[in-house]
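So that we are looking at the same thing, I have put the structure below in structure tokens.
Naming follows writing order (A, B, C, D and E), and every chain is counted from residue 1.
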Amino acid sequence: MLNAVAYDAWILHALIWLPLVGALGLFLLPESRAKEFAFGWTGGIFLLSLGLLVQFDPGGALFQFTSTATWIEMWGVSYSLGIDGISLFMILLSTLIMPIAVLGSYNYIKEREQGFYALLLLLQTGIVGVFASMDLFLFYVFFELTLVPMYFIVGIWGGERRIYAAVKFFLYTAAGSLLMLVGIFYLYFQAWSVTGAPSFHYLDLVGTPLSFVEQLWLFAAFGVAFSIKVPVFPFHTWLPDAHVEAPTPGSVVLAAILLKLGTYGFIRFLLPFFPLAAGHATVIAVMLGLAVVGIIYAAWVAAVQPDAKKLVAYTSVAHMGFVVLGVFALTATGIQGALIVMISHGISTGALFLLVGMLYERRHTRLIEDFGGLAQVTPLLATAFVITALATIGVPGTSGFVGEFLALLGAFERHPVMAALAATGVIFAAYYMLPMVQKILFNSLEREENRTLPDLDRREVAVIAPLVALMIGLGVYPQPVLERMEPAVQAVVQHVEGGTVDWAGQGVLGSDQEEIAYDPIRSVGAEPAGSDR
Amino acid sequence: MELDFARQSHLIWALLPEIVLSISAMAVLLAGVWKHEEGRPQDAHWLGGLALAGLLLAAVANGWLYGLSEVGRDGIIALDGFRLFANWLFLLGAALTIVVSFTYVERQRLQVGEFYALILLATVGMMFMGGTRDLILIFLGLETMSIAAYVLTAYNRRDRRSAEAGLKYFLLGAFSTGFLLYGIALAYGATGTTNVAEMAVSIEGGAGLSGLLVAAMGLLAIGFGFKVAAVPFHMWTPDVYEGAPSPSTAYMAAAVKAASFIAFVRVFLVAFEGVYTSWFPILWWLAALTMVVANLVALTQANVKRMLAYSSVAHGGYLLVAIAAANQMATAGLLFYLLVYTFMTVGAFGILMVVSAQSEERLQLEDYSGLGWRQPYLGILFTIFLLSLAGFPGTGGFMGKIYLLQGAAEAHLWTLAVILVLTTVVSYFYYLRVSWYMWMRPAEGGAGEPGEDSAIFAPLPMRVALVATAGIILFLGIFPGNILDFAFVSAQDLFPPASGLIGGGP
Amino acid sequence: MAEILFYVFAAIAVGGALGVVLQKNPVGSLLFMVVSLGSVAGLFVLFEAHFLAAIQVIVYAGAIMVLFLFVIMLLNLGHDYRADLRLGFWSVLAFATVGGLAGLLARQFRGAEESPIYQHFPGPAALDSLIVEQGVVGVIARPLFTDYVVAFELTGILLLVALVGAIVLAKRRV
Amino acid sequence: MGFTEHLVLPPAVSLLGAGWAPAAQGAAYEPFLPGLILLLPLLGFLLNGALALAAGRRSADRIRSGGAAAEGSVEPAGRMLPTWIGPGVVGVAFLLTLINFGRMLGVELNEPVIRSYWTWMGTGNLNVEAAIQLDPLSMVMMMVITGVGFLIHVFSVGYMKEDPGYARYFAYLNLFVFFMLTLVMGANFPMMFVGWEGVGLCSYLLIGFWFHDRPKADAGKKAFIVNRIGDFGFLVAMFILFATLGTLDYVGVFEAAPEAFVYGGGIVTAITLFLLLGATGKSAQIPLFVWLPDAMAGPTPVSALIHAATMVTAGVYLVARSSVLFALAPAGSVAVATIGALTALFAATIALQQVDIKRVLAYSTVSQLGFMFLGVGVGAYAAGVFHLMTHAFFKALLFLGAGAVIHSMHHAFHATHKDWDAQDMRNMGGLRRFMPVTWITMWVATLAIAGIWPFAGFFSKDEIIWASGAAARGGFEFIYTGLWVVALAAAVLTAIYMTRLMVMTFHGPSRAGEEEEKHLHGAPLTMTVPLIALAVLSVFGGWVNVPGSIRESFFGGFGLLPMSDWLDRWLAPITADAQAVLLAELGPVADQAPVGGGHVFWGAVATVVATAVVILTARSIARAGTRPAIEEGLPEGGIRKLLYNKWYVDELYDRIVVRPTLGVSRWAWRVVDQLLIDGTVNAVGNVTRGVGWFGSLFQTGQVNTYAFILTLGVLAVLGVLIL
Amino acid sequence: MLTEALVVSALLFLIGTFGVLVRRNAIIMFLCIELQLNAANLSFVALSRHLGIDGQVFVFFVMTVAAAEAAVGLAIIISIFRHYQTVNVDNFNLLKW
């Protein structure tokens, strides 16, 4: 039925540009209607995006829904879209989080609503664009485009030190991505000199032959950019600041989606582009080391935060450590785990930020010590909070466990010591999360002002419930996600290991990849006639 | 029609835009004087309209020139795409400046006729700078432009800052002119000619890298470096840009800089093409220093106008990368960047004029507090200009920077490319700072409801200009393809056919 | 003879230039400037640039310098004997810099006379014969109105700019 | 293409459906609705959870309108549904388990029956199914869990009657049963881990059930975090398993292990040690036992169910389940046994001086768990499981009895507004008059735990001690001999502290006060029935596994006790591989203790000594008399103080673990994060701006300066060009 | 003689440069700049001896430029004198940093 209207031809374009249309449309409405409109719009987009799940063929080509159009002919820049299993879920995550973030900001954003929601929608355009881009240039444009709305969201609707946080966020991430831009150019020229035609298209760049030293440099350029975005220890200090100052929906989007741009970049670009560097023992050791340090260190730091939001922010760093660990395990299991952690973190940390935001709306404080005993007056909130907290620390049965387990398992196959160290993160996760849960929800209701806090209303339940359901759903039955991501992940792993990957087609070819020696020239210009790009 | 300068009448055709513009300038001058004589206040819109008409005519003539061709590639007047593209830049810069200047000129009671006439005449000078292959003409054009610029800087006689800026600009400009002239003299001595095309032939045909030529290149680099405000020859720029009346500043930042770059490119890329390796380090260091120093110093500026001045210097640094790269891609990038830069810098100064109530007040960052919410359209436009100046995706500034990076990458100037992007990060800070004052800070002592800002002057031409400029910037940021190709083709004439990238590898 | 004259004029020119820089009184500086310009005019003559020598004296030393003098008088600076020379460390720095420049430039002039490109040009003798043929004015006027006619016209624009500029800036009533 | 091709049926649907499907393996044993056993408690949790939320909201409204925080009981109508749902689902699950047990009883079961419902995690070479496994071991555990669990649920109906969190309580309890069943029924390690963490979670929630009381919330948190340390070990063990064997299914792992691992090899030893770490966490062994005594903060039935009967025995289950691995890793086994024995003794010493009735029982549990560890550590896996089972009976009984006592004391003190501690044994005494059923049943349990024939504990504990002595073979004679001695000592101490508890609580004069005595009352029917049932089990439960070596003796009733070695045989499919390894590597077990003497002899010694100790202790304590807590100060000095303060282990951990971690965390935040990293980041910005500021200093506004810098530039340009 | 003439012109040029650096009087600074132009002129004339008449034509234009600069420059100086009553450049530092 959906095919009748050529769903796969327009859906990605619609997902990217509809938010922008909505952003403009917001200004045609009175300010009082802005939030309803934004919710309806993002919700509609989410419903549209659900079709992706139906239409995506797990056994089909690696990249689906592809479409391409020349953008800047001279430079070989194309407006090329396409998604694989990885982007599929990143996009779905984005489209899901957006309406929730909008719904979650109904009470928080009280002024300049049009501007706020317009920026949020603009942000969505950028985010979906990043995930759907098949062209490196296009990717970069969207990647950067996400900065501006977030900068304004933090800077305008943020807290006391919002400007500091916004600018830090902006400069830090921009610094990384601009370095990546130089790297992109290097890669582009290298590919150009091989293929004889300029192109930024992913499929044209992915097999570019580069010497090891070149790969190392480019790996650094791309890696730092993504590491800042992730953020990988020690590039993480912008994150707590940004989170603390950002308004709730900003934090939600930041944690749930924006951080994923970095890890997505790791998997989508860093590994396939620079397999020699990514597969080098020292590089892996460094990345894993940073991941492990990040996991443990961030957990420690989180544990002593007096501000609930900051605590959650630091937990993000720890979680992203698991992602990096899984990615640089360079095993299918590890990367799958990393991806699940990404999704799970998006859901659970997003929910946690929403919950902290709800507390803030009620009490106008985020200091943990200002709460206590809330479970008695706000049982629904407490329930949601506890479930979310458990998902965050990866209790089995929640999505957090599946991700962390797979990531650690995948890492352990190759790097047992690192993985074992990282696994101590499960201890420290309890160490940071439970005291907060206790201090906020449990203990006695000492403060008078806490006695009269209202419980979640219907809107808030509507915000949290889908997330909670997903946390558990993904924890119990992650397979639909895993199996759709599998081909893409296998392709990356095979590529890094020197196997042959048919990027334009179905990914990993046959079962005898091991025998094929790594030939750096192989995939250059090797574009099967069947590919529809 | 093919022009052969052996026949003098063909010079008239080749110089049609310049001639048309000169006549227009004189018409404006006369009209102004006539109005003045009648004792009526000078009407900026009327005279400005006249000037704009002249620019339009010149533009038509410029477009007409595309239909002509020249004999050889060494005539005293160049008839190549490079020149014509440059002419577009100058005409555009002048026109935009005039459009945004109406109210300012009136409110400041500047002498309108002379003001616009000087702008037009300066534009004529620029067109000569870009349109000739002879160093004598380049020098004369440069002087015409510079002298007009000195005057435009010192134009507001009631403002001592304007006078001070004028004096500084004049003294240092004349000083640098001395170096330039001396450089021309030595170049002449080294090659025996003042025609850049013949110089190239001479250098390759035996003159080689003589001692005089080396000194000449250095001195010419200094002379042009001063005009394009390359560090360390930039010291005048902030003071002059700050002190000059805002329309003059806009004009200088856009057109004067563009003209200097055009001449710089032609001299170095054509005349000294054969000795690229020897002047390359100079340009490398100039570019690097300019980017670094200008962006760093801009960080500390609390005065928006002065900040934009440093920003202008910094942009000069990015453009110098293109000269250091010295290939067609980079040159095309330079042209494209100058085009975008013209739009965004005039746009930014336009906003500045609006906010400063068409005067030289309220230029501090604090004055922009909460502006965005009080004047949302103004805020959004300024944000667009700032983002473009910062080189953010979606704006023309980004595409320009990409173009420059392409050129630098093609020349394997990776270090410069890295410096470019790192300093761009630095520049984000000061551009963003304006935006955060506008959007993230409450207005000082004001409720800040839209429309309450009584001192905001944004007459219709200004609004049209700002919106159009912003629109073009966005357009260039999203669909730059045609203009990019156009710039590339325009740059082609400076290079022997073989060095083109399209069709070949890097 | 010519060489002796050359050195004499050169010495006077340089001396005059030094005088310009070092003289406290603006008027004094101006007079030294006239001296220097005159000597350069002499050098011009030595290089067979008679017409230029003439306008150097008439226009440069005459008109322009008088304009300077006029302004000095107008601004009543003529009896300003306060030293405006920067001395001390600053002048040492300046001198060192300029000295460095001198050293650098000096290297470049070595062998200027033997440059191979001079073979491609007719040389002094041909120029002399041209002067004889066309006269001292004609020899410069001819290219002025043929090859450099555009430049010549442009000087018109330049002067117009200067004129307008000077009037706009300097006239008393706005 | 269709949607359903890629999304398999929702898990719950297949879970239900699979129950009726014929067994895939074609074995004679056909499970009956095994999925439902799991699903029922989950369903109960969901229903009770919904009720609890509704009740919570009502209570919250009361608080908002000014009511007291935790006071006010539930109206009877609100109790109705949870009362039926909570115990109901577990009861039905118990019935189903019984049916399945019955079905399994009659057949020869060579390989486990596995029901796979959906692929849980399948990626790369990993494939983890959401599957349950039915085999003798899991069946025993299921019986214990649902059976004892059901009794405790029933007990709770009376015990928690007046608690405002009634529905929530049953929700948690049901959830616990669900997770505990998952733990034992899972067909692979990750599934076990789900249950493993899940029960930890429920334990956390139930310990902190009265979360408004800060120490109780603290205790829950402590339990969870300490458990997580153990979980870490479990995780790592799983990783090693997967990395070496490529599977995590029990079947796969245990089949591959004997071939894949060298006896005593490093990898398998590492696996077992990490598993042991996991087990020590969950089963409260040294060094991770500290949470269990604190866990007594929860409602007493919870202590009975979770912290005595089921959850804490998960470690034993784990070792028994992985018996093959432990058999292959002698060092791992020794570690298990050593930790078990030491814990048994250590905890028993602490129990000697505790005055809180539940704490005594808690340390007793730790001690008994130590015995179980000793059992599975020395290769007597069945014995360990056996003790697990009997311990579940009598320790649950003890806790429930204690609960009844506390319930009663609490009522009495509450009624007279006396702020005495209802759990302090020094405030009790003479309670046998008021609650005879409790008194008698608890004495049964006490005798059982003390290991006095013919109570259940005799058979199970005796078997463990005997096995540890007999296991002195291979390269570890010395150690095992030592462990045997330790175990004997611990057994004696068990008898002492239990007798002390009974005497202080039920005998002698009442110390509660006369007014209070009027309010003391016996337990209601819902509470006494479970007590009696458990008492019966405590008596006869041991008869299912009368060791063959004493069957013909007096202790086996001269062969009259029916089921000689039944449990051993029942569990043989599970332990056979391990036993085979042990036999091959170490040779047969000895038939005498390290110091000589046969099983019958030592059994006689044990029971005589235990009986003697009970009598002597009772006499001495009764003679010494006890004063109420308020009159009696803390033990001063010497070993008593040391024991009373639990060897200062908590303080020690506080000093060497908790505080340093917190300190390091603060340091990491303040110094590393804020000062070093963020400082560097900001410094980059500030230095940049500083350099910019410095650069702007050259912009003096002086033309001469500008000209000079320009000239310097000239010099530089020419210099670069020329030089 | 060419080299000598170039050296002389360089000397004049550098003296002019030095003057710009050390004088504070705007008019004198300008005078020194004129000196520089003059030096360039000398070079042109000297070179034109060898290279043809173009050099002299150039000098002609330079003189024009010098005149134009003088006119505007002096006008500017007059203009600023009206504000400051001095032509000492040390006083002109409203614009800095």
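The rule we apply is simple: a contact is a pair of C-beta atoms (placed from the backbone, for glycine too) under 8 Å apart; a residue touches a chain by one contact, two chains touch by 3 or more.
These numbers were taken from a predicted model, which means no experiment stands behind them.
Trainee: By that same contact rule, can you tell me which chains touch subunit D and subunit E alike?
Mentor: Common contact partners of subunit D and subunit E, which must touch each of the two, are B, C.
Trainee: Weigh B-E against A-B on C-beta contact pairs and write down the one with more.
Mentor: B-E
Trainee: Most remote chain relative to subunit C, going by C-alpha centroids?
Mentor: Here the answer is chain D, farthest from subunit C.
Trainee: Taking the mean of all protein CA atoms as the centre, name the chain whose own CA mean is closest to it.
Mentor: Given all protein C-alpha atoms shown, the central chain works out to be A.
Trainee: If you average the CA atoms of subunit B and of subunit C, how many Å lie between those two points?
Mentor: So the centroids are 31 Å from each other.
Trainee: In whole angstrom, what separates the CA-based centres of subunit A and subunit D?
Mentor: 37
Trainee: Can you give the whole-Å distance between the Cα centres of subunit C and subunit E?
Mentor: Going by mean C-alpha positions, subunit C sits 8 Å from subunit E.
Trainee: Distance between subunit C and subunit D based on Cα centroids, please, to the nearest Å.
Mentor: 102
Trainee: Mark out which residues of subunit A touch at least two other chains, giving numbers and ranges.
Mentor: 171
Trainee: List, in ascending order, every residue of subunit B touching at least 2 other chains.
Mentor: Within subunit B, residues 136, 140, 143, 147, 150-151, 154, 157, 166-168, 171, 175, 179, 186, 189, 192, 214-215, 238-239, 300, 429 contact more than one other chain.
Trainee: Where in subunit C do residues touch two or more other chains at once?
Mentor: Touching at least two other chains: 86, 90, 94, 97-98, 101, 104-105, 107-112, 118, 121, 147-148, 151, 155, 158, 161-162, 165, 167-169.
Trainee: Run through the chains and report each pair that touches.
Mentor: All touching pairs, sorted by chain label, are A-B, A-D, B-C, B-D, B-E, C-D, C-E, D-E.
Trainee: Applying the document's contact rule, which stretches of subunit E touch subunit B when the two form their complex?
Mentor: Going by the criterion above, the answer is residues 6, 9, 13, 16-17, 20, 26, 29-30, 33, 36-37, 39-40, 43-44, 47, 50-52, 54-55, 57-58, 61-62, 65, 68-69, 72-73, 75-77, 79-80, 82-84, 89, 92-97.
Trainee: If you look only at subunit B, which of its residues touch subunit E in the complex?
Mentor: Going by the criterion above, the answer is residues 136, 139-140, 143, 147, 150-151, 154, 157, 160-161, 163-168, 170-171, 174-175, 177-179, 181-182, 184-186, 188-189, 192-194, 238-240, 242-243, 300.
Trainee: Mind pulling up the subunit D residues that touch subunit E in the complex?
Mentor: 696-697, 699-704, 707-708, 711
Trainee: Subunit D touches which residues of subunit A in the complex?
Mentor: Where subunit A meets subunit D, its residues are 54, 57-58, 168, 171-172, 234, 236-238, 297, 300-301, 303-305, 331-333, 336-337, 373, 375-380, 382-383, 390, 395-397, 401-402, 405-406, 408-410, 412-413, 416, 419-420, 423-424, 426-427, 429-431, 434-435, 438, 441-445, 451-455, 476-480, 482-484, 486, 489-490, 493.
Trainee: So in the complex, which bits of subunit D are touching subunit A?
Mentor: 1, 3, 6-8, 10-11, 52-53, 56-57, 59-60, 63-64, 69-70, 118-126, 130, 190, 193-194, 196-198, 201, 204, 208, 211-214, 217-218, 220-221, 224-225, 228-229, 231-232, 235-236, 238-240, 242-243, 661-662, 664-666, 668-669, 672-673, 677-678, 681, 685
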